Each structure stands twice: as structure tokens, then as C-alpha cells.
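After this come two complexes, each holding subunit A, first together with subunit B and then together with subunit C.
Up next is the complex of A and B:
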């Protein structure tokens, strides 16, 4: 039987992206361009979400869904393979993509060229979907470039001085990262002679069994790969672009970049060291994770710009995920992947709150804002939920995943890691309390007296995400049901290899 | 054979030098291009074989005895396909980078990256 859903999940947004400009040209004649393009984008996203969800039951049943492009069998052709790990990411991308699309309907109201914006958003989603579903290294590189090029263009979308500055910085650092990844993929192909991840894993395991120590070229290739991914993920030595990009981009894009785009790199951190190499690069990841956690939160504490502060928290929170994955234990991996899911949800939501404030007041500076909780009660309560979730306060989802990571630290015999993680959480809370009090509490400047609540299309995605935060917080088992299969998949490369290569 | 690899590594190093140390956005974009070209040369050299034939099989030639001889004489076609794809991607990146550079020049009147720092203030 030919598996349809995996390829549809990629082709649908890709096809939609190329259709959007045509639809825009036609609908411009009737003067309904903005509405038609916007709702077309939302419809494509919802369709994609349904396609992804339809694969859920089978993947969680332990099956790996495989689609062979052009009918070629895995070691020769490109294949898409969906296991629990890929499914978790696909679900997150499709869900958050849908919410961001609805949000931007209202948020981009004042910008021209809305059709180009829709095209780029659909392209970025197609790229991300491809990254997580593909089972071929070079294919991964191509989809990564699709994602990155569209995100460079989206960061610089408004073309004012801030946007182009952030865009060019992001572009140069990001392209360097992808070049390094390409070099690493080249080395792997040169030494092993395969690009299929499952085949690569098998051959590497054989090569490693015969040769002790590990051949130098493989170590170099792995080092380059991790470096490239770390640049894309913005771990601390390479974090400079992220804060600028997230500050200057339209806020809907910041939400998308902070949520899904930045964390897909983490998916490959979880996938690559475990699958092809079969050896966790644990120590490096743990060290990078801790440095990012601490530096990110310290930088966030001194920021006076709403979005810039949130951006530094993105770096800090990603430290938790890399730390969890780097620990390499069942608990650590589960905590890291669960945190990835939670982080994308509440960080997307927090950026949307910042966007709502920016949309209504035109400012994102702490010292200009104040007292907005009377004007925007829903936004402020959603922001409070997000702030408590990110700080790991018990009844919310951030607590469940952070607690797992704390436990993993103790479990791995490194209580010092747990201590640092708890401390960073406390600093996060401090920083968010400062943000909350200076934006939503305190003296309200005279000119913000008539500020209204954000429009419905912005409130809806925010409330959905807040509900997810609360529900997962109250019933953490629900979240572990999603992260559990992902963790099993990451720890079990043998199953992946045998199903992809042997599966018919 | 080994000359290819040496030149490829030289190109990558030169590109990195250009990207990291030059203080002009256009030169940095050129550096990016040179790095990718070095990687492309590296990749294509791996599929090369002295006196190899093109990896194109006419129909009906795939009897067992012919196929074995063909496989030992043909060059590896995969790197060629990969390099083609990658060149196209690289063109997109350079084009977008240059257009962003034009916008930077319009807003800031300079191409020196150390002077383009309005965001930090």
C-alpha cells in the first residue's frame, strides 16, 4: 500500500505557497485580495494539521510510516519516515503554524503586500515539515535552506532600517551555519557513501565496530554537524542573530521563529547523534545547554525591550532542551522533548501578547508602557499564564517538563546541573515579573487611556494556547503521551533502521 | 586527485577569512559564495574517477555482464546531482543577500557592518 499522508503534509503548503500569488492576482480585480489570501493560507494550514493528525494513531502504535519518493527503495531513493519523534515535531509545526496564520490575519492589517507574506509563511511551513519528516540527509539540507531563506526574507519583510539590519545579520550567520552543515554532509557521504539516515546509521555502526578508535573524519563530520545545528539553534556562542531577528521581525514571525523554526534544529540534535553515530555527544551538549541557560537569562534580565527580553528567554529555554537531550538518559530525553513542545507553545503565546500590545499601543519599550491590564484584561491574563508557565510554576505545563529535567539531573548523578536549572528558573520568574509589572501594572501613561483590547483574530490563538498550557499543566500525563513515543523513537535507532530498510 | 581536495580546503579557508575579517558587506557575501564553491568542489571531486564515463545507461544495456563493467567505469552521479541542487540554492542566497545589502545601503549609507548597529542602542 502506498502511504499518502507524509508527502501530502509537505506538498500541501508548498503547493499553496505557489498558488497564493496567482490567487492574489485574480482576487485583486474584485478588491478582496487580503481576505482571500489570508483565509486561503489558514485553510491550507488547517488541512495540513488534519493530515498530520490522521497519522497519529498509527505512529503511536509503534509503526513507522514510510513514503518512498518515486518508488525507489530506501538506500537508493529519498524516503520520508515518520516515527514518534518526527510526529511530535510535525504536530507542533502544523498546530502552531495554524495559530500563527490566524493571528497574522489581524496583525498584518496595516502592512502592504499581504500576499507575499502568505506565500513566505506557507513556504517556511513546508520547509519545516520537510525537515522533520525526511529520512535523507541531503533532502534535510534542501528543506533547511527553504526554511531559512524564507525566514531571512520574513525577518526583513518590513524593510525599515531595523528589519534589514537584523535580516542581513541573520542571513550571513545563518548561511555560514548551513554551509558548515553541507560540508559535514559531504564528509559523511565521502566516508560512508550513503545519504539515507537509516542506511548511514547501519553502515556507521559496522564501520565503528571494526575500527577503534573512531576514524578522524567521522569525528570531524559530527563536530561540524553539531556546530552547524548550534548556529541554527542559536546556542550561546552563536546566539547574536536571534535577539536582533526576533526584535525586528513582525511579531507574528517572531512567534513562528521562536516557536517552531528555532527548535527544529533540536530535533536533529536528538536524531543525528543517536541515529547515524550511535554515540551521544553528551558532554558538549550539556555544557552548551548550561551556558546558554545562564547567559540567556542574565541577558534577559537587563533588557528594556519587550520582544528582545522574550528573545533572550528563547535562548535560555533552549538550553534546557539541549541539556535534557545531552544527558542522554530516558528521563533527560523525555524532559527535553516534552520541554520542547511546551516551550514552543508558551513562547509563541508570549510573543503574541507582545504583538497585541505593540499592535494597540505602537510601543514595545518597558519604560513607555504601563497599566495596560485595565485596557487589555484578556491579553494580560494570557501573558500572566505564559509567564508563570515559562518560570515553571506548578499548575502549568512548564513545571511538568522542567521538573522532569531536574529529576534527570539528579538521576544522572549531577545534582549541580539541577541546582543551576532551578536557579535559572527563579531568575526567569524575576525577569517576567518585571516585564509584567512594567507593561500591565503600574502607572498608565495618559496617551494609552483609550487603548482597546486586541482584535478577536489575535485573541483566539492566544486563548487556545493558554488553554493548552493549563490542560497539559493539570494533566501532565497527556503531554507525556506525546513526548513518550518520541523519546522511545530517539532511544531506539535499531527499530528505525530495520523498519526503513526492511519495510515494504 | 588530491589537488582537488587541497584547492577545495583552500577555497573554504579563504572564504571564511573573507567572511569573518572583511568589513564590507559585499565582500562578506562574496566570501559566503567562495565557501560554498569550495564545498561544491570538494563534493564533486569525491564522485570523480580518472578516465570515468558518464553515468548514463541506455535502455537494454543492463544485462549482467555489461552492468558490472559499467559500474566499475562510471563516475558517481550522486555528487553531481547534489552539487546542481546546491548551486541553485546558493544562487538564491546570494541574490537575497545582495538585495538586502542594497536596502542596508539605502538606510544606513554605509556597507561597514560595524557601523550598522542601530538595533543595539
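Up next is the complex of A and C:
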């Protein structure tokens, strides 16, 4: 069997992005620009997904796939390192990204400049893929900038006043986050002299062992790194950009930001306590997780806008993941990473449902909607599945991962954390009952009498995600088979270092 | 570990069985007292007046007013702090960084 180099997973969407404008110019002559650009984007996404899936057997077999760029050995050259954790993230980015691309074909039908949209989608995907696959810290920064700049443009894509304002806010806060991360990387390079994650991990461990207390420059570098990542993850109090951005962006982009883009922040939350820093920041993560869970859900309860409510739930649900990872136990980390897998799926799906309603009715305000289950039975059923999943109702996937986090709290001797997590789940259910009741139940306003079900290209990805929610809920072992190797890889930095550096 | 305590297939089967029994009760009840809908029965009334479908929507802001009242301090201070003003949000980032820096220093040194 031919082995596909992992770099192809990054190069495919990157070159696809550069090719899209050329394809658009050519296909414009035959008046098939929209179709050709859209399906080219989907084809690239599917090819990328296949490349990622092809790495699965080796990674789940315990191997870390190392790809040396230009044949240079690490730490001298840049390398890609795909362990269980990176693989879970890459799989989610490629899988959910593909579904968002298919959804966009119908959702963005009324928008002009579709070739630009496809270019940005491919560019953001290349950036995300690079972030999770790279083994080099500066390379991570470069890919992060590619992801962020593409996402700022996508949030402001429709160029109305709300979108532009949200885009500018996101850009300024996001740029502050990336600058903070760059400063941290600079400090690490200045004090340790390496940018390779494995090499940094090894040298930092030696530096800490030889110096007690930990040097101040490393304390500041770690604090900056945690802050930068928390801005990306949108933990309270760094969360303010998220609600505006997800509300104002085209809903396909909201789904992308809530699903695949959320992955990259949590990937680094799972890495930080072990690599490259290897310092105990669990208590900080637990505190941020709990605050975000509570603030997110209480803010969501009082929202009157469909997408803004979902955006606050993104903050709340990410709190669960950060909390689970912060507990630092096997169960906690597994629960956090499993919840990431589940949350990205159903949150992407819930945003797609909101998009379907917006697409057909032109409104995302609860007070203007109602009774749409008669007109949009598939959308309402899918939304109900997502609402029950996010609320942790059995037998859906959200229950399996939340239950693991509840157990992790008790297992860590912190039953109060479990109690808060259960209470937040109850409030989440309350919030989604309100949303379901306001949008799909009750009396239907006269003007929505002729509203039709969403187009097939929008329903297909929604139904696929709903099926994933049910299947993983009924067979949670499938989810644990992905999150388990990811947790093992994250908690075993020694193996990562030795395999990347090859015993140097 | 979850599998030891939680078997989703069995639980789902039990839930479906429960739903089936509930549906049977509903069907039986409908046979005993068959619904006879008419336009006047299906219409919504408020103070003796017929209310149009567009006017019957529950106010989404007041939907959970009891929770709003119970958690008054949160909704009095935290919710209004989400002003939408960029400089406020940047200040939150700075304060957040200082708190994390102090926390990291306390944990590590």
C-alpha cells in the first residue's frame, strides 16, 4: 500500500486555495463558476479527509508519524509529528470541514464572490491542519495566523455593518492573542534556544530540574502562552469576541468556527500541561473551565437571538472540555477530548439548523419565529437531537462524554465540580427547551405558512451529524476508540520526545 | 469504565419501551374521549378576545424570569458588562492575563 506523506493533508487545501481564483476565472467564461468552485472545494476536502484517514491505522497502532521537511532531522529542521492527539484533531477538522463545505454549497447560494469564500474556506482548513500536525512552535504560529486571518475575513464576509463590526472586534482581540503567543514563543526561543516542540520539551525539563524555583522568564512565557490559547478557546474573561463573531458571520462560518476551529484551541489546552512546558497548570484550567461553563450557560439562558444563544453555549461547553483536561486524570482528559469530539459535531449541526431556519425565514430572532416544525420537520428533528445531545440527555453522545467528566470530578475527589457540571447541564437543557419551543413549537405566524424544508445539500450534512450523535451515544466505545489514543498520546510526552528526536 | 455502569443499548431499549407504553396510553385515552376539533376550539383566547397566532408567542426575554430573579446579582453586573465596546473587552484580556500570570507564578514558584 502506498503511504501518503502527512504534508499532503496541509498542501492539498493550501494549493486548492491558490487554484480556486484561477478556476473561477476560467469557469466564469462558461457561466458555471459557482458550481465548479463549490465542488472543487468539496473534492479537496474529501481528498484531505482520505489522506487523514489513511494515517489512522499507524497512529492507533501506537506509532507517531514523523515527516521531516526537506529531509532535515529535528530539531534542526521543521517536522510534522502525528500522534493520537494530533490525529483526533486532524480527523475532526477534515470530517467536519467537509460537511461544512457541502452545507455551504446551498447556504451561500444567494451570496456573491463565492470563489473568494471557497478560497478562504480552503485556506482556513490548511491553517487548522497545519496547527495540529506541526511539530514546530514557530510553524504553529504561522499556521495560526493563516487560520485567524482567514477567519476574520470570513466573519466579515457579508460586509453588512454587524458583520464588519464583529470582524473588526474579532480581528483586534484575535491579533492580540496571536501576538501574545508570538511573545511567548520568542521568550522560549530566547531562553531555551529551540523551536521544535519535542526538543523544547526535553530542554525545558532539564532547565526546570536544574533550577529551583522555575526561572521567571519561563513563568511569564507560560502565562503568555496560556493567555493566548485561552483567547483562542474563548474562555471567560477572554470570550467577548466569540458571541459577536458567531452571530454576525454567515451561518456556515459560525458552524465552522464552533466546530473545527474550536478544535485547535482545545488541542493546545490538552498539550500545554505536558508539552512543551510540562508544568502543572491544571488548577488554572479547572478554574477557567468552571467559570466559563457557568457564565456561558447563564448568558445563553437570556438570549433572544438563535445564533447568539448557540454562541454562548460554545463557551459553556468548551468549559467542560477545559475542566476535564485540567483535572489531569486519565478519565478527565479522556472525557474532555471525547466531549470535544461530540461537541464539535452537535454544535456544528445546531448552527446548521439555525442556518436552515435563517435561510428559509430570514430571521434568527426567537420572538419572530414559531411553529416551524410543521414546515421543517427534518430540521426540527435534527435540532431536537442536537439539543438533547448538548444537554447530556441519554442515549445521545453528549451524555457519554459529560458522564465521563462527571465521573472524573468524583474520581479526582472533587464532587462539587461534578455537581456544578450537572447543574450547568440542567440549565443547558432549559435554554434549549426555550429555543426549541420558540422556533419549532407553538403557533406559526401567518407569514411562515409557505416556508419549505431546507435544501437537500443543507439537510445531508445535518443528518450525517445527527446520525453520528445517535451512533456514538449508543456505542460510546467508538468515541473512546478515538479519544483514548489521543489521551494516551497527550499524557506521554516522553514517547513523543523520543520518537521525534530519535534518541538524540 | 463507563461501560461498567452505563449500557446505552439496554437503557435505550428501556426508554423506547417506556415511550411505547406512553403512546399506547395516549391512543387508548383518545379512543375513550375522541377529540372533535373545530375552528373555534383550536383558536387561542385571551380575556375573551381571540388572539392571532403571531401574537401568542412567549416573550423570549421573560421566558426564564424566575431564574433571572434568583440570579439577580449575575444579571445585574455580569450581563450588562457585555457592552460590545472593544476597549472594555481588551481590558478584560489584560486583567485575565494578570490573573493567569499571578496564578502561574503561585503554582510554579
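Just so we're on the same page, the second predicted complex is superposed on the first by the 498 of 504 C-alpha atoms of A that agree within 3 Å, B and C clash if a C-alpha of one lies under 4 Å from a C-alpha of the other, contacts with A are read in each partner's own complex, and residues count from 1 in each chain.
Criterion: contacts are C-beta pairs under 8 Å (C-beta built on N, C-alpha and C of every residue); 3 or more make two chains touch, one makes a residue touch a chain.
Every value quoted in this text rests on a predicted model; they were computed, and no experiment measured them.
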In the superposed arrangement, which partner chain does A:195 touch: subunit B (first), subunit C (second), both, or neither?
first
Check the residue A:404 against both partner chains and state whether it touches subunit B (first), subunit C (second), both, or neither.
second
Considering only touches as defined above, state whether A:22 meets subunit B (first), subunit C (second), both or neither.
neither
Identify the partner contact of A:152: answer first if only subunit B is touched, second if only subunit C is, both if each is, neither if none is.
first
Check whether A:419 is in contact with subunit B, with subunit C, with both or with neither, and answer first, second, both or neither.
neither
After the superposition on A, what does A:176 contact: first (subunit B), second (subunit C), both or neither?
both
Now for A:217: first (subunit B), second (subunit C), both, or neither, which partner does it touch?
neither
Among the partners subunit B and subunit C, which is in contact with a greater number of residues of subunit A?
C
Output check: A:206 vs subunit B and subunit C. Expected answer is one of first, second, both, neither. What do you get?
neither
For A:456, decide between first (touching subunit B), second (touching subunit C), both and neither.
neither
If you lay the two complexes on top of each other, which residues of subunit A touch subunit B in one and subunit C in the other?
168-169, 172, 176, 244
Touching residues on subunit A, where the partner in the complex is subunit B:
138, 141-142, 145, 149, 152-153, 156, 159-162, 164-169, 171-172, 175-176, 179, 182-183, 186, 189-190, 195, 244, 247-248
In the complex of these two chains, what residues of subunit A are touching subunit C?
168-169, 172-173, 176-177, 180, 213-214, 218-220, 222-224, 226-227, 230-231, 237-238, 240-241, 243-244, 279-281, 283-284, 287, 295, 298-299, 301-304, 331, 366-367, 370-371, 394-395, 400, 403-404, 407, 427, 430, 434, 437-438, 442-447, 473-477, 480
Along subunit C, where are the residues that touch subunit A in the complex?
1-3, 6, 8-9, 11-12, 15, 44, 52-54, 56-61, 63-64, 67-68, 71, 74-75, 78-79, 82, 84, 86, 88-90, 92-93, 95-97, 100-101, 103-105, 107-109
Residues of subunit B that touch subunit A when the two form their complex:
12, 19, 25, 28-29, 32, 35-36, 39, 42-43, 46, 78-79, 82, 85-86, 89, 92-93, 96-97, 100-101, 103-104, 107-108, 113, 116-119
